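Below, chain A partners chain B and then partners chain C, in two separate complexes.
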Partner chain A sequence: MIWEIFRQEREGLPFQHGGSLDAPNLAFAEAYARELYGRRDESFALWIVPREAVDEVRDPYVADVFDRDYRRVDGYSLKVKLKEARERAGTAGAG
Partner chain B sequence: MNDTEFQAYVQEGGQVETGDAMPDDYRKALIKFIEMHGNSELMGVLPEREWILRAPTLQRKLALTAKVQDEVGHSQLIYRVVEDLGKPREACLDDLVAGKTKFHNVFHYPTKTWGDVAVIAWLVDAAAIISQKALLKCSYSPYARIMKKICWEESFHILHGRDCILALMTGTDEQRELVQEAVTRWWGPLMQFHGNPIPADDDPMYRWRIKSQANEEARQQFLDGYVPQIWELGLTVPDPKLRKRDDGVWEYSEPDWDELKHVVTGHGPKTKERLGFRRWSREETVWVRNAVLADAA
Partner chain C sequence: MSAQELLALADDELILGWRNSEWTGIAPFLEEDVAFSSIAQTEIGHARAWYELAAKQLDTDADSLAFDRQPGEYRCAPFVELRFVPDWAQTIARHWLYESADAIRIQALMQSDDSQIAGLSEKIDREEAYHRMHADMWADRLREEARFQQAVDELWPYALGVLEPDQRDRLCEAVSRDPVDAVERSTHTGELAPLWEEMTMVRRSVPGASW
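For the complex of A and B:
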């Protein structure tokens, strides 16, 4: 049985995929994961997940297919509008 | 995507994951390359294992045991990648002990003294880490990802190797002689390690961007990084032609490519004995695997 191992390098950091291992059950998976991914004190925590439990959704199916730029940073362009507003207010070039 | 388009895709920096469609030739090349790497990690512990009981101090014994465990751990991680590509670990081990697949030239040689152990940890691991660092950019992402962890541990081994070397070099004349003899013994195999200087474009591993570095480029990097370190300790290298040109390129005597070919095809001084040991230990431990699997069933 294949297990995917995610490691957290230090407390508070996000978990990252480290690799996988082959173990017949959770007890062995845990023992192997500690040996393979933690024995040099390189991980603060480990997530040990059966491969089948991981559901992957991948580009181009991750983001919404419709144009919803109001949900993204690039949906807002302040530069031109700010310039115009400053000109109206007579503060253009002030900063 | 046909094969040509796929090759262009990876050449332009495209990455590949386990579940992706890929040309058969790419999959075969990956298996061949990665399996050989896994074999080398597993066989590479045998020359060092021979010195665990003879290590000069308890500290060295523990450090060497830890290094051996690291290398076996690497082979486990690497065989896992091969398994996901379609070749089970048991099949890899079958082929290894049957002599059907290869492992790195340097692991076919004997370790005569503790000086050899120090030189292996220092220079053989240094040569290996140069190839492995280039694999961080491999087009096959699962392999590149585990390489990050492997390189981190390998750099630890070089540290351990340098420490062993420096302990000997600051010791007695006899100890310095041990190191010099070992450097002299290992120089030939080290120069062969990165392979013959075929142009990158003729190397299928390079075309698929499994490797991202030509053989000669790796060797030059090794020479540039380590020859000065060898010289500064007062050690010599058994190659009168070795020198760095003004343009930064290292010149050296042509390595013995016939020896390399002869050794990696299973005719090294220790090939038979080490494969025999691997076969024996696999038979001896079959009850452990059976017990583990029976317990889990």
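For the complex of A and C:
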């Protein structure tokens, strides 16, 4: 049975995936996780999670068929929009 | 604590650590290989600490005590000398019985009037807690297996020999078994000499060298 191990390096930091290990039950998984991720005092705490409990979502991107790129975290392409705005302003100023 | 008593402790840990290290690279699966090798290594580390205390009394050093004595001079219990590779059931039976016995011994040493002994025992016990966790989880898993039960039956008289007679009742209680005649510490099995040959081979190859 495969277990996913998450480790917290210091108190307060987010848990990050450390790796996985093979163990027949939780007691074994805990012993091996201590050995592989705790022996050198490299972790403040561990999460030990059966791999089946992890719900993996593939291709999680929700297609935007309409132009709503303002929702995206990468934001606007300001360069083009600024250029267009400057052109409009320049035209207005000349007129 | 006398030097001979310290040597008994140190020799138990060194020889058992050595036997357990024979599983490095060939344990039943990779995670266990890492865990069992690590346990073997900490046992040898504990041996080193006890040898250092004995060495002060005997005016020598830990390496000399570990490797320069003749097989007959070792004070270890016959229990730790037995070679079990490739039998995992026997290995775990010994591991569980030894850790159960060692817990009783270390508890007693932690109460020692000698602050050096008590302090070292406390440090060692913190690592032994992991050994016990590992031994107990394996014993729980193999408890119903005939091979494991048979190995525990066979090794029980040897396990009692690790402890002083007045501590043996506590081991009987800890592992729920009846007392029997123990295989005592004063004797050695035929398996110690070949182990010693291999263990001291490199050191003997260049006598007096510093490494």
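Criterion: the second predicted complex is superposed on the first by the 62 of 95 C-alpha atoms of A that agree within 3 Å, B and C clash if a C-alpha of one lies under 4 Å from a C-alpha of the other, contacts with A are read in each partner's own complex, and residues count from 1 in each chain.
Everything that follows uses one rule, which is that contacts are C-beta pairs under 8 Å (C-beta built on N, C-alpha and C of every residue); 3 or more make two chains touch, one makes a residue touch a chain.
A quick note: this is a predicted structure, and the numbers were derived from the prediction, not measured.
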Side-by-side fit of chain B and chain C on chain A, or clash: clash
Is A:I5 contacted by the first partner chain B, the second partner chain C, both or neither? neither
If you stack the two complexes on chain A, which partner ends up touching A:F28: first (chain B), second (chain C), both, or neither? both
Contacts of A:E42 with chain B and chain C, given as first, second, both or neither: first
Chain B or chain C, by number of chain A residues touched: B
For A:H17, select first, second, both or neither according to whether it touches chain B, chain C, the two together, or no partner. first
Is there a shared patch on chain A that both chain B and chain C touch, and which residues make it up? 21-22, 24-25, 28, 35-36, 39
Within the complex, chain A is touched by chain C residues 29-32, 34-35, 38, 130, 133-134, 137, 140-141
Residues of chain A touching chain B in the complex: 2, 17-22, 24-25, 28, 35-37, 39-40, 42, 56
Listed in rising order, the residues of chain B that touch chain A in the complex are 19, 69, 73, 76-77, 80, 83-84, 89, 142, 145-146, 149, 152-153, 156, 292-293, 295-297
Hey, which residues of chain A end up touching chain C in the complex? 21-25, 27-28, 31-32, 34-36, 39
